[in-house]
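Next come two complexes, and both contain chain A; in the first it sits with chain B, in the second with chain C.
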Partner chain A sequence: MTMEIASARTAVAKPPAPGLISRRVLGNVALGLVLLAVPFWLPLVGGYTDLASRVLIYALAAMGLNLLLGFTGGLSFGHAAYFGLGAYGVGLMLKYETHSILLALLVGTLVGGIAATLLGPIAVRRRGIYFAMITIAIGQMFYFLAVRWNSLTGGEDGLTGFSRHPIKLPGLTVPMGSVGFFYLVLVCFGACALLLWTVLNSPLGHTFVGIRENYKRLIFLGVRTKRYLAISFAISGFVVALAGGLNALLDNFTSPNTLNYTLSGDFLIIAVLGGMRNFWGPLAGAVIFILVRDYVSSITDNWMTVIGLIFVLSVLFFPLGILGFFNRKSAS
Partner chain B sequence: MSFLVLDSVGRRFGALRALSDISLSVESGELRAIIGPNGAGKTTLFNLISGFFPPTEGNITFEGAPITAVNPTELVHRGIIRTFQITEIFLSLTVYENLRIAVETAMGLNLRPWISRAQRAAVAERIAELAAIVRIESKLHRVAGELSHGDQRVVEIGIVLAKSPKLLLLDEPTAGMGDEETRHMTDLIRRLNKEQHITMLFVEHDMAIVFGIADRITVLDNGKMLAEGNAAEIAANPRVQSAYLGDAGLGNAA
Partner chain C sequence: MGLILLFNAFNGLIQGAFYALMALGLALILGLNNTINFAQGAFMALAAYFAFTLVPYTGFWGALIAAPLLAGVIGFAVETVLVRRLYSRKDPIYTLLLTFGLALIIQDMIRTIWGAQGKPLAIPGFLNHPLSNTYFFLTGYRLFVVAVALIGTGALFAVLRFTRIGIRIRAGNADLETISALGVNIYLLRTANFIIGIVFAGVAGILAAGQLGLNPTMGDALIMPAFVAIVVGGVGSLVGSLLGGLIIGLASGITTAFFPAASEVVIYVIMGIMLVVRPRGLLGQEGLFE
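Let's turn to the complex of A and B:
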């Protein structure tokens, strides 16, 4: 259904003319400049820098998830597990082992990413709804582990007792106030976006898209599709874990909720809302999701109702997401 | 030695005997048609040869090596590639992107998260080559799902050609096509066989095509082999006439 609409909108796909490429580069440069200047313009429109950090962190998680969801065609309901593992990895490292948030982020990303690398191959043994169920089941194991293992994780109260220390580089100390931290998040976001962009424009990325489009055809071209689904799962796990680590740093806190399937659902909503076939779709989705949550939750506790309404309307009227009808080919 | 040999091959699904006692051999370079009424077992035969599922009886050998229990992925690497009754392509991608996935797969690049400029150029060159062989150059940047059914089948053949098949199995290549599309496809099949020297098996219902281009014809009926021979022999075979072609006879069909 969605596919038919997708192709109907792009009936006249043009060859990649040089003019288009430079326009795409221009668009990305403009986006980069807007993001770099966030601490300067955001307060003028009534926002605050931590809110922008939250948007980028959720966008990063949703972009990571979207490699699997939008570009490989794997619906995971369990990616919060890797987000939470990244968060607990960072929190525990800072609490017990180190004052270096870079080292803590590295460890958190590795913990979540390696977990996804090991568990992905189990999930990809099945397709469709069964794949989704396995990802939930695996994810919830970590949730209950975090709830039960009080002595390490702080149980349902969550993990506290760690904070962001300035980053000490040779000859340079970067303070980790709101603005300093925002730029750390932005660097992580930019690096991951570049990584994902590179992958999507490579044979590996083309293979992912082929699996989404028609895995049967790929099998009969001799491609072991499960292996590639597992690779997509792993890459997305690393990216989501990094986002989780950053989220723990933003709050100086993490709780079992960062492992729960409801958060996985939030990431899915963000990706679909923004446009899961579009490279920057999850960023657009995160802007809407976080802003609505921030502003509406100050008025009513039922902010999720508003999100739900926006989600239903967007699925009805923009089935390819907010960015969906701009340019289907921004990543391919 | 024969290229592809089926020795007393059969396949059961529970109590149903879909195919039994099929023995045939295909020579290298041959263009072989498989015909038979609906339910005769033609697609089952394709599924057995392409490894979709294994036979329950008998043996299959390809280039002298047994392939009876070999999985489809491995068979592709050995050079056996198929198309399906329902066209299997990448519908929301352009023709160019469709061929690119196939070419990169054929070049063994799937795992590469980046490639050199030279490799990129080699991929593009091969895409252009394939597009020229199947004559889809003018539609390279159209979305595949927007093309006519006939063009989609042509794209599918372009995709499978990327793997340089030794044995190509085409399941009803002209089904549902108009006259012009059918002519284009028939011409393509003949050219692939003669110019690219690809051995082919094809299932086809259009007798004009079968008698027009096939070197040899195998007739299946009710899961059994009814006859085999060249066009003249099959046309003259009374069992084929009564069992398969019924009262219409070959006069009308051919």
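Let's turn to the complex of A and C:
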């Protein structure tokens, strides 16, 4: 076991950066500062805080998906299912059980994540196009469940009747207005980014990358590739479910559309557009995708065509994504 | 009870014939073009709307033939301008996302041209007439759907079996590189194959519209059962897709008799069971597209 992981590590590990503080660390610190200051500078350039929350939520979902997609090589077209399960989990908890949004988020994340953990092993039985079709179909199963199970989910009209309550910590009450909620999203985003970063730089993450790069070879080396694919599937499911829960909190509403494969398509294009081989690619993709959608839908009824064009053009001209495109430019 | 069950099973089979027709078009394109055509549902809707516009001029029968061909022309343009560029990319994600984006664009175009409201598609009066009221409620239209599905499937298999292009398509499915080396223009072949797949989608779309009416998103609800049919039947086998369509139609019909709310979910359950018991599907080839 240790041997093949060691070889996988040498295949992907980069040489240590020179100097005490590398450019990468500086970049991440700068990114963190920019994000922390969003509520202060965004209104100045004509944005609003909820829009930033939406960007971060979609970025979080796409980053979770990207662990499976970009780093393990599993093309899931059904991750909206776990997003939607997280959303319904949070909505139902807040509506019937509790006023603590942290508890609701925990439950929503667990519901979506456990579903992914249970269904991943079925999906990873096949790879490639087949894997994509299976994940879509599993996702649509939840979609139809939500549409049909009227008494619980509210059917096609969606689930309403819950709202964000202030977070009560011992000796501290955090209000959940737009700004307060943005920081909650940011904390979740940061924690998950740290988690994904840690995973990717661990032997586990190197095994994932090995599976992406050469599936057969890893089988020959004795790695249980399907098991690792399922692990990657599960981790990404938990992250996506948390994003879904946050999305329900942002809207105080959730509908079967949060389970539908069209949303999975949105997450995929966010990852591809930003650069699915780059850690921060999905964040870049989410910024572009959400801002364009927000702007275009305010000026024309044909915004779906514009979104469709984003799909077509980014597939044709930016197969490596925006970040991949610039990285290659700067490398050459 | 037994009679109701029989009736629902029969209805399910009719639905299954329809799914099979959809799945065949998808499976054709998947086989030779290595593309999951997400826009298949949008092409269905497009053909149905073409038919809607053509019916006043050509009548239903003329539209049934002309509209899928028109959709085929659009399919030709899409394949030569866009899809073709991606054949060399190994990762299936690109064609998936491309056709997904195309589906959005086509849907939006339909909405802009014909409006978002649902419309009825006029079908000949005698098809609307109930054939039997005693035990089954059965309109001629449902039988007509089965007849078209049978004719379409029969024609496809005849083409694949007996014509030169059909033999090349089958050979291409087996080994594209070799037939290319033998002098077959595989780009032309793939284009032709794509068009045939779209024409199939078009016919299915018109049939669906005759029953359910037209709306821009009509394809969305129909493409998923076709995916499931392919997974159940096995990727790489057209007969498998056919069987898969019939099986899920039947299952969905029988479930309607007992537990109507689950009639959509049951096909995914069947797919799940199939994946656990026999991952490659009924007649699928091991390791294809993996």
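What we mean here is this: the second predicted complex is superposed on the first by the 303 of 332 C-alpha atoms of A that agree within 3 Å, B and C clash if a C-alpha of one lies under 4 Å from a C-alpha of the other, contacts with A are read in each partner's own complex, and residues count from 1 in each chain.
One rule holds for everything that comes next: contacts are C-beta pairs under 8 Å (C-beta built on N, C-alpha and C of every residue); 3 or more make two chains touch, one makes a residue touch a chain.
In this text, all values refer to a predicted model and were calculated from it rather than measured experimentally.
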item: A:213 touches, of chain B and chain C: first, second, both or neither?; value: first
item: Which of chain B and chain C A:163 touches, first, second, both or neither; value: neither
item: Partner chain in contact with A:22 - chain B first, chain C second, else both or neither; value: neither
item: Touching partner for A:228 - first (chain B), second (chain C), both, neither; value: first
item: Which superposed partner A:310 touches (first chain B, second chain C, both, neither); value: second
item: First (chain B), second (chain C), both or neither touched by A:148; value: second
item: Shared chain A contacts, counted only where both chain B and chain C touch the same residue; value: none
item: Residue ranges of chain A in contact with chain B within the complex; value: 3-4, 6-7, 10-11, 13-15, 198-199, 202-207, 209-210, 213-214, 216-224, 228, 231, 328, 332
item: Contacting residues of chain C [partner chain A, same complex]; value: 30, 34, 36, 82, 85-86, 89, 91-94, 96-98, 100-105, 107-109, 111-112, 224, 227-228, 230-231, 235, 261-262, 264-265, 268-269, 271-272, 275-276, 279-280, 289-290
item: Chain A - residues contacting chain C, complex; value: 69, 75, 77, 122, 125-130, 132-134, 136-138, 140-141, 144-145, 148-149, 261, 265, 268-269, 272, 301-302, 304-305, 307-312, 314-316, 319
item: Complex contacts: residues of chain B adjacent to chain A; value: 50, 72-74, 76-77, 81-82, 84, 88-94, 97, 100-102, 104-106, 109-115, 140-143, 145-146, 156, 159-160, 162-163
